[in-house]
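Each chain gets a letter, A, B and C, in the order it is written, and its residues are counted from 1.
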Amino acid sequence: MNHFPQAWGRPRDDVYGAYDASYLHDQNGPKAHTQSPIVTGTSVVAMKFKDGVVIATDNLASYGALARFTNVKRLRQFNTRAVLGFGGDVSDMQYLDRLLSSLSIRENYSAYASSADSADATEASAELNAKNLHTYLSKVMYKRRSDFNPLWNAILVAGLDGDGKPFLASADLLGSTFSAPSLATGFGAHLAQPMMRRVVPNEAAVANTTREMAEKAVRDAMKVLFYRDARSMDRYSIAIVSKEGGVEMMEDEQLEGQSWAFADRIRGYGTQVN
Amino acid sequence: MGSIFQGAPIPEGPGYSFRETPAVRQAPGPSSAAGERQHGFYPYTDNGGSTLGISGADFAILAGDTRSTSGYNINTRYAPKLYKIGGDAPDTPPIALSVVGFAADGAALAERLDTIVKMYRYQHGKPMGVAACAQRLSHLLYMKRFFPFYVAAILAGLDESGRGALYSYDPVGSYEREQCRAGGAAASLIMPFLDNQVNFKNQNVPGSGQGHALEPRKPYDLPRGTVEELVQDAFTSAVERHIEVGDGLQMMIITRDGIEEVYRDLKKD
Amino acid sequence: MFRNNYDNDSVTFSPQGRIFQVEYAQEAVKQGSVVVGIVSKTHAVLAALKRNAEDLSSYQKKIIPIDAHYGIALAGLASDARVLSNFMKQQSLSSRLTYDRAISLAEITARIGHRAQVNTQHYGKRPYGVGLLIAGVDAKGPHLFEFQPSGVTQEMVACGIGARSQMARTYLERNLDHFEGSSRVELVKHALRALKDSLSQGRELTVDNTSVGVAGISEDFKLYEGQDIASWLDATFENREEGEEGESMEVDT
């Protein structure tokens, strides 16, 4: 044993080369923050209909190209009128989950909580709605990006606003926010968004869109994403938020009606080499 | 525009597995075995869009398209770039702000200014004038000189004599009162048009003479109808030539009666 | 000078279980001029009697609008009220910025209640010498809260605090049943009558010495003073010519 404690228990330099100390937090270097996501979730897709919002994600958490965790729920119900969908880094999603849990507890013990004995509508309307939640989350995301310590996520917030109308908005790692009749993050912005925009091109079209139409469009979008997004999976979660039904969360859906007939004709790689 | 290529695949081709961004750069020199990690997070993006402001004798107009983009994607067709400042209580002088560039910074900036104007009123018992507001906005931008709000801002209101007042800003707080200004993605398309149509640049009085005797046409306060038409024309033209501009045109017309809001459709292609 | 040995600070109980400094602070509330608040199903109203220190001076500020949806009326040390109102303003703005939500009246009242309580339990601190009525409308409808220097807060249907406010409370208790269904103007009238009952003999409510604050469902809190309240005063005290010869010339048409 020499008098360099840092070398104790480590491979010898003369045999294995110099030790890579870069992972030891360098006392002189800058404080390290997230530079890239590690375990990631892919697209979140959501669209409004006349009484509410449909939102879906698959249940996969990838480690690079590896389909690492196949039963990760990336939809999170906040209360009876807000559901969140997370794309991007899964550990940051779990951090936000804890943050929202503490917010939820704080809210439910505060003056905003509806008293147990009264169940009338005005009482319930004091708790955080989807719009409040989105504002809060966007502030968290913007603060973290401004600290150069981003939460590596793209988030969709789906639910009802203060007037009980459908609400759908996005927040991402830069703190950017926007709202539209249909939204999709990641790959879904390319593949799912055009499909959903055919159903709800604008706010006026939302009023003519039924729950069934919206749910079908979202499920179809999930199928197309599974076909073409290499980081996706055929088990997914879908939630429907509406004024009447509250939140209906289905967390273990199987993609149905797939058509792989075309695969027979594909030549050149895989098992059909020529 | 540079942001378009941020999500592009890495140069080594499709063989990658764990690391999708080329984060490791081999540092020069023999001492570093593992190389140094580059900062992989860039805190800005460009959300596209364009804004425009023109002031008149007793009004000022702010306008902006409502498209929000990231790269070639359209985030949404309706994301307002115009903000009312200082609340809309009946006795507050109307002030509006347009921000274009990085939308999250724009929203944060508008919110800060709005809070400041509201607190000013609460603490002083009177509303903030547009000149004071304009200077405060400059300070807000300069305060973040070394981590700027990545926006081109235009502030519009009415000055103490009731004339239209328009102030334009760069991202770090340089500002100037002007007759008209275009900002954002299509600024370079719209500004020359405005120079010609509002300040009558390159226009001469017909038949006033030859060569140096030629008299430049003198600018005057344009009536509101003319200005509204100019705004509309500026944007329909910008939509034709710039992919980040389109979907909708939002206008705020500031008069002594308050802020009138107008929305018109633009091409969605 | 001292009433006893147990009132030098706000952290010492007397053997009878009282904290005299807090009780003295509550006396300061009774020195302030009277303020009244009432809620109906649709509105919340504050009314206050303003005093001027001398004829040459301006009148005191008694009602402070805090946020778009609520305001406060104060009785006691105005400077302490200013500290509290600044705090309330900041908390209200912060709620709107962070959640895009108007802070609930119960929440803001709880927060100042907590702040006031801290002052009664730390050596070297002094309780706030002011009582507040917090009135406005939030997501749960119109509300009125009372705040005392001790940190005690409670929700009220109607309330009066300040000098001679017992008379106002007597009026409010007698008319308690009418408030819930009252219209906006009726509620203001009740508040003004309650305020009037607290005045000493021969004094009247005038446009100069009265403030009214009103908030309603889908109506922002607004402070009314001067000529804006003349019609309310006229409507409330129609037959008040007797007993004020001097002013009757102006009041009468």
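In this text, a residue touches a chain if its C-beta (ideal position, glycine included) is under 8 Å from a C-beta of that chain, and two chains touch if they have at least 3 such contacts.
Not measured: the values here are computed from a predicted model.
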Farthest chain (mean CA position) relative to subunit A: C
Chain pair that, of all pairs, has the most C-beta pairs in contact: A-B
Subunit B and subunit C, separation of their C-alpha mean positions in angstrom: 45
For subunit A paired with subunit C, centre-to-centre distance based on mean C-alpha positions, whole Å: 48
Gap in Å, rounded to a whole number, between the CA centres of subunit B and subunit A: 31
Overlap residues in subunit C, where contacts from two or more other chains coincide: 97
For subunit B, residues that touch 2 or more chains besides their own: none
Subunit C contact footprint on subunit A (complex, rising order): 110-112, 122-123, 125-126, 128, 131-132, 135-136, 139, 162
Residue numbers on subunit C that touch subunit A, as the complex places them: 97-101, 104, 106-107, 109-110, 138-141
Interface residues, subunit A side, partner subunit B - complex: 17-20, 22, 32-36, 63-66, 138, 142, 145-146, 148, 150, 170, 174-180, 183, 189-190, 193, 202-203
For the subunit C and subunit B complex, residues of the former touching the latter: 68, 89, 93, 97, 220
Contact set on subunit B toward subunit A in their complex: 16-21, 23, 32-41, 43-45, 47, 68, 70, 73, 75-79, 102-104, 107-108, 147
